Each structure stands twice: as C-alpha cells, then as structure tokens.
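Structures for review follow.
Note that chain A is present in both complexes that follow, paired respectively with chain B and with chain C.
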Partner chain A sequence: MLTTARVLSTRLLQVIIVALVVMIGTSLLVRLVPGDAARTILGDKASPGALDALRQTLGLDRPIAEQIFISIGRLVQGDLGTSFNFRGQTVTSLIVPALLVTACLAALAILLSLLVGIPLGLGLALVRSSGADLLGRLSLTVLVALPSFMAGLILLYLVSIRLRIAPAGGWAGSWPSNFGYIWLPAVALSLYLGPLIARTVRQAALETIQQPFVEAARARGVSRHRVIICHVLPNAALPVIPLVGFNAGVMVSGAVTVEAIFALPGLGAQLVQAMGTRDFPIVQGIALLTAVSVVVFNLLADLLNLSVDPRLRSR
Partner chain B sequence: MTAEVTTKLDDEAVRRPLTPRRVELLVGLTLIAAVVLACLVVPLINKTDPNALVAAPLQPPSGAHPFGTDQVGRDVFIRVFTAGRVDLTLAALGVIVPLFLGTVIGTIVGASRRRAVDVVTMRLTDGIIAFPFVVLVLVVVLIVGADTQIPPLPAGGASILVAVWVVNWTIYARIARARTHVLREEDFVAAGRLLGFSRRRIVMRHLLPSVWPATATYAVSDALLLVALIAGLPFLGAGIQPPTPEWGSIMYEGRAVLTQAWWISLTTAGVVLVLGTGVMLTVDSLIANPRRVRIP
Partner chain C sequence: MRVTTRVSGLILTACAMLAITSCESQPTASSAPKEKLAIGVEIIPTTLDPGQTYQRTAASILQLTGGKLTTPDPDGKGVGMGLAESVTPSDTHYIVKLKPGLKFSDGSELTSQDVIASFEYFIADKTNGLGYSYEAIKNLTAVDDLTVDFELKHPSTALMFYMSQPQSAILPSESIASRGKQLYEGVPIPTAGQFQVESMSQDQITLQANPNYAGTQPSTKTVVFKKIVDPAARLAQLQGGQIDFADTISPKQVGQLSDPVKVDSYSTPIGAYHLSLNTRANSILSDVRIRRAIADAIDRKQINEVAYAGLSEPALGIFGGSSKFYEPFLSENADVAGAQKLLADTKCESECSLKIIAPSDNDALGDTAIVVQQNLKAIGINAEVAKTEAATLNKWSADGNFDIRVGGVYDVGDFPDGYLAFSLLSEYGASYTGYSSPEMDKLIGEVGSTSGAAQTAATHSLNAVFENDLPVVPTVGFTIVSASRVPADVFKVNANTFYSVG
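And now, the complex of A and B:
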C-alpha cells in the first residue's frame, strides 16, 4: 500500500504544480501581450476614457505581483472572472456547458475505443493466418497516422454527405436527441485511440502467450478459451490503462478540433470565438480547466492501475 | 579498381536478408521521400502561382488540374505541394530545436547526482506535458498575436514555433534522462570516471553520443504529431494565416464547401495520410515486434 500513497502524493503535487503554473501563466497573459493590452482588446478606435476604465478592471494599473496574487486568490475560490465580450456573464457560466459537451465527446470516444480496440488487438494476436495479421496491422498503422480532425473530415464526407446517415454537424440541445449529433464525431475521435489500443493489446497478448504460466495452464488441462479469457486477456489489457491516461491530453486536443469540424458547441467553438474576439478570461479559463482535468484523469488512471495490478503494489 | 570495390559493396548489400522489418522500413522511407520530393519538385516544375486564379471555381479533378480547383478557382494540386513546404519546414524546425535542447538538458539532469536537480526538472516537465498541446499553443498564439509575422516565417508561423519549443523539449528531456540512467551504470562511463575525465567530458563525449539515437527515433514520430497539430490549428482560428497555402488552411477552406467539392479537403488529407503512413511504418520498423506464437 506504500506505493498507492506515493503515487497519490506525487500526482496530487503534480495537480497543484500544474494549477499554479497555469494560474501564474494565464494571469500574466494580459501582461505578456506586446504593446498596450487595453488597446489590443478594445481596438484602435476606443476612447481614452474607455481604455482607462478597462485598465482599471483588468488591474493593469497595479504591480504585477499584486495582480497575480489577486487572480490566484479568486481562482482558488472558483471564480474564473468575467468574459470581456459577454458583459456580466461569468467565465464559469459560459465554459461549463461547453466543457460538458467536450467531456461527453471524449468519454464516448474512449468507451468506443476500448470496446473495439481490446477485442480487435486480442483477435489479431490470436488469428492463425499471418496474412490477416499483416492486413490488420497495416490498417491500424494507417489509422494511427491519421490525425483526428482529418478522420472527422473524411467521415463527414462519407457518412454525412454521401450516405446521409448522420447530420453534417449541429446540436440538438436536449439529451437523448444529442446522441444523433455526437456519435459520428466520437467515432472520428476514436479512430486514433482505438487503433492505438488494439496495437498495444496485440503486442501485450503476444508477449503474454509466451509466458510459462500459459503453457502450465494448458498442461493442467485448462481449455483454450478459458486460457484466453482468464489468463491472456487480463494481462494484455493492463497496459491500456496507462496508455489511455497518457493520451488524455491528446484526446482533448483532438476533441477540440473535431468539434470545430462538426460544429458542436463544445470548448472548441468557445476557443474559436474567444480567439477571434481576444476574450482573454475565456481562454484563461479553458486552459486552466483542461490542464487540471488532464492531470486529474492521469491520477485516476494511476490509481486504477494500482488497484487492478497487484504486482505494482507489492514492490 | 573502383569498379571492383563497387561490385563488392553491392554484393554485400544484396546478401542482407530482406526481412519484413526491412521491407516496412523501406516502404516507410519511400512514402516519406515521395511526399517530401513532390513538395520540393512540383512547385519547381509547374511555376503557377499558388494564389493565381487559373480556372473556374470548384472544378473537379481533371488532367489540367489533378486535384481540381478551389472556391475561387486556384489550382489545388499546386497549392497542396507548395503548402507542404511550409508544413514540413515548420515541423522540421519544431522538432530539431527541442530535440537538441531536450537531449542536452535530459542528459545533464540524468548524469547529475543531485536529487534536487532531478526532482525540479521532472516536476516541471510533468506540468508542461499535462497541458493539452492545442490549448497551450492557442494561449501562446493569443500572446504573440495570430498574424504576427517574423520573416522569413509566414504570418502565424512564429507563434506556433515558440509554443512548440516551449513544450516539446520536455519529452526529449525525459527520454534522454531515462536513457542516461541506464548508460551511467555501464562500464565505459565508469572507466571514464576512473580515468579522471571531467564530468563535462563524460557528458559530452561518452553519454550524449549514446543518448542521441533514442531521442532521434522519437523525433520521427514527433514530426508527424507536429504536422497534425499545425494543420489542425486553422480549424480553431489560429495557425498559418491565408493567403499562404498551408495544409490545414486548405482543408479548413475546403470544409466549408465539402458538400459540393470533396477534392479540396480530401486530396490534401490524402497527401498528409501518405506522409503519416510512411512515418508510422518507419517508426514501427525501428521498434521490436514480438514473435507470433500460438497458444499450445
């Protein structure tokens, strides 16, 4: 149990460090803009009065250290500030609905990748014809090489425009009917993680089959199927946990671009809008939320790994 | 005399067995070379300006315009391969600097016997790696400005490179550190210490030459990740600014007219996919593939 405590403390420390780095970095964001930040935000035609007012709200008239402390103090209380462009709306109230859409998309894609990737990898390791193995391996290689947003473009064309099975983007706004809009983006996103999982499982399964305990089980008269399900599968599926954890950041990056292609109202759309209008608090909030959720996700993956693999605990 | 030497070498080359792994490597390198060469050669042979309006808009692929024309009547074929120069150059610059920086930092940290150095660097890299890359790039783009131009880079290129350099050295540093930890227990490093060589000399002359291959192998797949990242940015309102042709912006502009003209986005995607498959095959051939065995 010693390692659980160690992993937990290391990861928690990481969460805190990441949050601090992001907070300091994003608090400095407005300061780092070359030239006059207020003028950059309001544009060249702004009146001197409006510029002064904005400088005051942004706290640009105070020393940098004070600004950072103030914004960190607010962030700790969960206050991400207010949007520049939607006056009076807090960043939290704008981001949270978008975050939910992105989280749903990512969760659905991860689920899909696991459901298809693990059996596919195991199947490729066990298939008797080396031709089928080669074909499977090559297709997986091509799919891993395909960036998520390009998979999205190709699926959008084939499935939505040619076959007309799915809408070409959009959002229903209410829950069961949203699935009609989210399943195709989720498939596009899983076309990266799924093949990655299948490749890893195939590799791990081939290594497991060579272990003496598999031969021992067969010698004891355990059936082939039982050996595959009870002995090979659990060992082959183990490396998937850290793999998914490690790819959490990649999934967020992928989800954000795939959303942009399918016009889903997620963080991607929020980012595009905030980038276009130079809405610093929104970008700041999204950066903080995504970074912290990736670290928390990694923490969960580590804990899950420890709880399912007793070999890691005994050391 | 010279002829004899050549035949001898050729014979030796032929004698090396063509294992599946070597086939994988050769096919991979051929695909990469094909895309890189096309990007170098096509704009040289066909001197059409990639921004010139050469035909009616949205013409499907034909003999005169192999990839068709886009929504204002520019030749997509010329644009895709001219764009490749921008993407490949940015990806190369984005890989080489962090490869160098990260390898040196990682080796020094790995060789250092001070725990504090190791802990601080590793926590720092943890923090940076945790960041979703796209979000971090967008933050940097927002600071530097989406259309800031620093010659000779195209508008928008500078902010991408800054962001990539800030982030990417961390992965190389971690690979180099792990490799150094293995190497520093080896006899040749101990021998160097016993001979009284300075730490600096051991790092530069003994450790670094053995650390490079590990980080350089990762650099190959990292270049592909970068191409995907750079090409994804226009979909988020950042990236290389038009009218400079770039793979991502061509696909982004093509997305708007995907219903009428598939060829703008999908031919570009095809070229990137050929490059990507080449990279993945090359990387796979460098990584050990376990023997296929059956359950007894």
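And now, the complex of A and C:
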C-alpha cells in the first residue's frame, strides 16, 4: 500500500514537472524555429501592413518572454489558448477530437500487439531451437527493424489497393464505422510492438520454464497445458507491462507517420499541420497533452505491475 | 546487429513489393453523373474568411460558395457577369447593376446595400491578406436597390477581375452588422454562390447546392472536400475509390495511374515556375551578368521532362505561354557556351558556389532544383541544394538567406497587375529577390492602370526591362497536375485554378 502511494505521488509530481518543462520548452522552441505565422496564414501576396495587423491580432508583436508568460498564465487557469490558424476556435476544441483518434489507434495497436505477441512468444518458447522457432525469430527481427511508415505503405498497397479489403485511408467520422478505417493502420502500428512483445515473452517463458516451481508442478502431475497457462504464461507475460508502458511514446511517434499514410485525422496529422503553419498554441497543446499522456501511461503500467507482481509490493 | 536487421527488413520489403506488383486487379469505376462527389485536397479552409485563405485549393472551395459580381472565364482570359447584370467602367467609376430577384441561400434578398456593406467590410479589415484587391476603391454609393457606384482613386482595369474572386463574395449586410469582426466564426453565413457550406471541420468541408443560386444548378448536389495532406495518400484513396478526384499529385505519380483514373492537368493563363535570384548586395547574384548566365544555362525542356512529366511547357518570358502579354526571349535548351561567355570577368568566371533553396513538400520543385544544380555545374557553378518546409523557406527567403529560390508565381486570370506586383514590384519584395527598380515599379503601375494600346505598350516596355534585369528566371509554365475518376464535365479544375462542378 505504501509502495503504491509512493509510486502515485512520484508520478503525480512528475506530471506537474513535465507539464511545466514541456510548456516552457515548447513555447520557447517553437518561437525559435524560423517562420512567421502571419505569413503562413496570409500568404505571399499579403502586404506588409496586413501582416503587421495580423501579428498584432495574434499577439505575435509582443516580446517572446511575454508571449510565453501569457501562455503559462493561461495554462494555470486550464486554458490552452486559441488557434492562430483556425480563427475563433480553442485549442482544446481542436485537439480533443484528434486525441481520440490517436488514442483509439494506439489502443487498438497495443491490443492487437498483445493478442498476437503473447501467444506467439509463448508458442516460440515451447518449440525452441526448432525450425519454426528459427523462422519465427527471424521474422520478428525483420518486423522490428521495419519502420512503421514502411509497414503502412506495404499494407496500404497490398490490402487496400490490390486486395481492396480495406479503405485506402480516411475517416468515417462516426462509430462504429470508424473501425473500418482504423484497423489497418492499427495493424501497421502493431507490427513494431507485437514482435517486441513476442520476443520478450519468448525469452521470459524460456527462463520461467527452467524455474523450480515449474519443475515441481510437473512433478505433481499437473497437465502440460495447465502448467503453461497457469504457471508459465503469467510469469512470462509480466515483463510485457513495463514494455508496453515504456513504448507508449514510441507508439505515439509511430502513430504520427501511420496517420499521415492513412490520412487519419489524429494528433500526428494535426501536429504536422500546426508546425507547418506555426500555429504555436496548437503545437504547445499537443506537446503538453502527449507528454502528460506518456507519464500517465507509465503510471498506469507501474500500478498494474504492482498489482499483479507481489514481489514488487514487498520491496 | 541493427544493420543486419534493417537490411533484412529492406530485403523483405523489396520481395513483398515484387510479389504484390505481380498480381494485378483492375478497380471498377463509374463515369455517370454523381449526386455526391468526394474530392481529396491538400488543404481545406481553416476559416471561411477568403481574406485569410490564400492557398489555391482552399480559395477554390470558397469560390464555389461565394456569389461574386463578376465571374472568371474558365480559361482565365477574361471575366463575365455574375450577380451583376452589367458593369460599366469608366476612368474613375464602375457602375454595377445587379440582376433582379437575387437571393442569398437563406432566401433573403440581395441588394445594393449588401454589396456596399461587403466591400466596406473588406476594405476596413486591415488583416485582409488580399486587401490589395480593393486598393483602387475610393467610395461606394447605392444609386438604387440594384445599382452601386464604385468611385475609384485611379483607373483600374483589374477591379472587374478582382470582383470575380472569392475575396469579393457578397455577404448579407445583416450578418455583417450583427457579427462584426466575428463574421466568419460560428455558423456559416448565407452565401449567394453555387453552393452553401453545410458543415466544416478540421479535416472536411461539405458543400450543398444553393437552391437560390442565380445561375445554373449543378447536377451534383453535394461536394465533400477531404483534407488528405500527403499526395501519395490522395492518389491511393483515388485508386481505391474513396474519393473521386485527387487535387494536385506529384507529376512523378502520373505513370502509376491506371483506368479509370486519368490525369487532369492545367496551366494557368498567367504565371510561371521560376528561380528567384537574390539580387541583394550580399549575394553573388547581385551581378546581372551572372543572372543572365544562369538564365542561359537552364535547360527548360529537361526541367519539364524530369520534374513535370512533360505536362508543362518551357517558360521563355515573364508571362505564361498562353498570356496575351507573353514575349518569349529565353531558350528552351541550355546554352552552355553562351552562359560561360557571360561569366567572363565575373566572380564565377573560374568557379563559384551558390545556395539553392526549395520546398521539401513539392516533388516537382525539388526535382527542378536538382536539374538546375546539374545545369549550373556545366558552367562551373557549384550549387548546394537545401530543401525545407514552407514556413522556414519563407523565412530564409525574406531574410535573403539564399542565392536561388525555386518557386513560382501565378494569377488566376490574364490581368497582369496583380501577377506583376507579386513577381517584380519592390514593395512586395519582388518574389523575395530584393529587386528594386523604380523603372519597373512605374511600368507595373502603368500596366495596371491602362488598357488597350497603352497597356500593350507599357507591357512591352516592362518585358524589355525584365529581360535586361532578370531578377527571376522563368523555367516552365505554372502547371498543376491532378488525377480524376470522373469525367471533366462532372468535376475538374479550370485553367483559372477554380473548380468546376457539373
């Protein structure tokens, strides 16, 4: 109980520190990147007078320190500000729908990775040193090395354009129709995490099988299936929890590229557009949300780990 | 180990692609008129304010909704009547007579008061990026419910053309009065164009036919514009049948198109892709002899073939090939010997280095940069190519942090003053070149304020000054390549850059 409280308090402190650092850091960094938001909104044909007027409207004529101070002041009040580009629309109203898309994509990819990776890793451990194990390990290595965008392009070409069993991108805008559009990008994204999970489970299962309690269970006459399901699997699957937690950030960055390939209206697409147009409030909002999400995801992974592994609670 | 795994990944990918390409399956298609069209575009409007919507596809979407006094001809060479029954121009007055019985999409009447309120709103908005459109207007007076007198500060042949553009769409005076500066925020205001905005999000805008439109009703009642940023993703969705038209694809992708998807390309009547040469004192290109040598060294035919799949044409003058003001003086092919001769006694006589900048998100301009790099190598100029995204590119350009910028300027009609202003006028930075010539500025003013023989003479003089100074070097015509699975009479992009919905 004390351990859980310690983890919670540590992580909550982390959330606050991360939020502050990200807010100040991104506020500063996005303003140091060359480019003029007013120019990207009004284009090449705008007169210097119109550009100046728009800069004034957007508050870009103020010193950078003052702009950052205003941003942080708003954040403390729970206000992420208003978009430069989508005039009159708040950052929150713009990024929440995109966050939902990315969250669904990442969640589905993690689910697929778990559903495929754990049984596959366990299976490979059970047939260790065989031809199937060798082929399986080689395939997993290849898949881990395959970048998400490449996996996305291959799947897009094969499944959508050639086989025509999934749309070649887009978004229905309503559930459950959205599943028709999200499953293929989720498969593309899971082609990184799934093999990682399978390799981890295989290794952990091989170690578990050698443990005395497994030998003891066998000696007691427990069936092979029961030994695998009740004794090997729970122990082999334990390292998967921190693995998924630590890869939350990787999943988000992978989602950025996969979203672009499948034209999903997620955070990745929005971030790219916001950076391109120097829409600072949106960039800051997404950076903050992503950073906090990763910390929270790690917190959940820690808590889950604590709840399923009694050894950690006793430390 | 990492190298081994990545190599394995690449080999597997290559094998997969080979296996995949071996199995062909033809997509099905329909060429019948459609009730609903889905169009894939790189950018949709982020606001319904045309004054802050300069990008071509976004402006074209707003062009479908806005009712304008005049209408651009599809070929971009002239304008016809729109909401106006007649426009009678004189030196300092435009008398505009509206068609009787005009209505906005909500059924309310459109009168001269709406015209005046609209233009007064546009002029008063200091953040309007297209504010130059109204520069000539001095005063607006309602003669009666259907007639407006536009009093001008000076003669302007282009006002008729600006009246046909999205930034001049007539708005209900009631909305202007009640919403003020928040005119374009919240629920879309009624329109008088062919379509009205049904819904709008960050990724999609849906237009519905306007039942009160004064012109011909389209057979297509609903047009959905979907934002698909990546051109390859647009093409994939087009091939997969999710969309009917992919606006702007890379010319490199033309070879990948298969039935029923067809290429749809057009060149604007005025404008060209060009190389902006940094004429500022800090650049080696402040020497006009080197600029002329570069103009001679460029192989425009090669650029057209490599970067535009042969779909454009070499641009041999400042105006586009189909412009009535076009006076070619450059060569289609590279003249290496001539260029080297021009470099004699310059800083580039033996060898010199230049920085070429190009946008990273435009394949054709990136390829142009590579061809130019090779062309310059042939005359002993070493060029480094730097590609970056638009905002950084604009910053570098505005700061003069380049020698050659690969880009282009076009206008939607053969009315040269706007095009010339953005290309060569010192006030607007002359395509980032820093070029400043009082003589050129004066001639641009003359071209914009004259017509007939006087305008022709001014344009001829301007062409001569341009040929002498060469702040920008035209490469090929301003061509946009798109792909479609519907016939052109159902949906297409006209040479005036605007969409046509059948």
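In this section, the second predicted complex is superposed on the first by the 270 of 315 C-alpha atoms of A that agree within 3 Å, B and C clash if a C-alpha of one lies under 4 Å from a C-alpha of the other, contacts with A are read in each partner's own complex, and residues count from 1 in each chain.
Everything that follows uses one rule, which is that a contact is a pair of C-beta atoms (placed from the backbone, for glycine too) under 8 Å apart; a residue touches a chain by one contact, two chains touch by 3 or more.
All figures in this text were calculated on a predicted structure; none of them were measured in a lab.
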- prompt: What is the contact status of A:A50 with respect to chain B (first) and chain C (second): first, second, both, or neither?
  reply: second
Task: Classify the contacts of A:G276 with the two partner chains as first (chain B alone), second (chain C alone), both, or neither.
output: both
- prompt: Which partner does A:R164 contact after superposing on A: first (chain B), second (chain C), both, neither?
  reply: second
Message: Going by the contact rule set out at the top, does A:A260 touch chain B (first), chain C (second), both, or neither?
response: both
Field: chain B versus chain C as contact partner of A:I154, first or second or both or neither
entry: both
- prompt: Between chain B (first) and chain C (second), which, if any, makes contact with A:L12: first, second, both or neither?
  reply: neither
Message: Quick check for you: in the superposed arrangement, does A:L94 touch first (chain B), second (chain C), both or neither?
response: second
Task: Considering only touches as defined above, state whether A:G173 meets chain B (first), chain C (second), both or neither.
output: second
- prompt: Is A:V76 in contact with chain B, with chain C, with both, or with neither (first, second, both, neither)?
  reply: neither
Query: In the superposed view, which residues of chain A touch chain B and also chain C?
result: 33-34, 141-142, 144-147, 150, 154, 156-157, 161, 168, 260-261, 272, 275-276, 278
- request: Spell out the part of chain A that touches chain C in their complex, as residue ranges.
  value: 33-36, 39-50, 53-54, 57, 83, 85-88, 94, 97-98, 138, 141-147, 150, 154, 156-158, 160-164, 167-171, 173, 260-263, 265, 269-270, 272-273, 275-278
Message: For the complex, give me every residue of chain A touching chain B.
response: 13-14, 17-18, 21-22, 25-26, 29, 32-34, 125-126, 128, 130, 133, 141-142, 144-150, 153-154, 156-157, 161, 168, 203, 206-207, 209-210, 214-215, 218-219, 224, 227-228, 232, 249-250, 252-253, 256-257, 260-261, 268, 271-272, 275-276, 278, 280, 283, 286-287, 290-291, 294-295, 298
- request: Provide the residue numbers of chain C that touch chain A in the complex, in ascending order.
  value: 2, 5-6, 8-9, 12-13, 16-17, 20, 23, 25, 27, 46-47, 49, 52, 54-55, 126-132, 182, 184-186, 201-204, 226-230, 232-234, 236-237, 239-240, 242-243, 389-392, 394-396, 398, 409, 418, 422, 427-428
Field: In the complex with chain A, residue positions of chain B that touch it
entry: 123-124, 126-136, 138-139, 141-146, 224, 227-229, 231-232, 235-238, 251, 254-255, 258-259, 262, 265-266, 269, 272-273, 276-277, 279-281, 284, 289-296
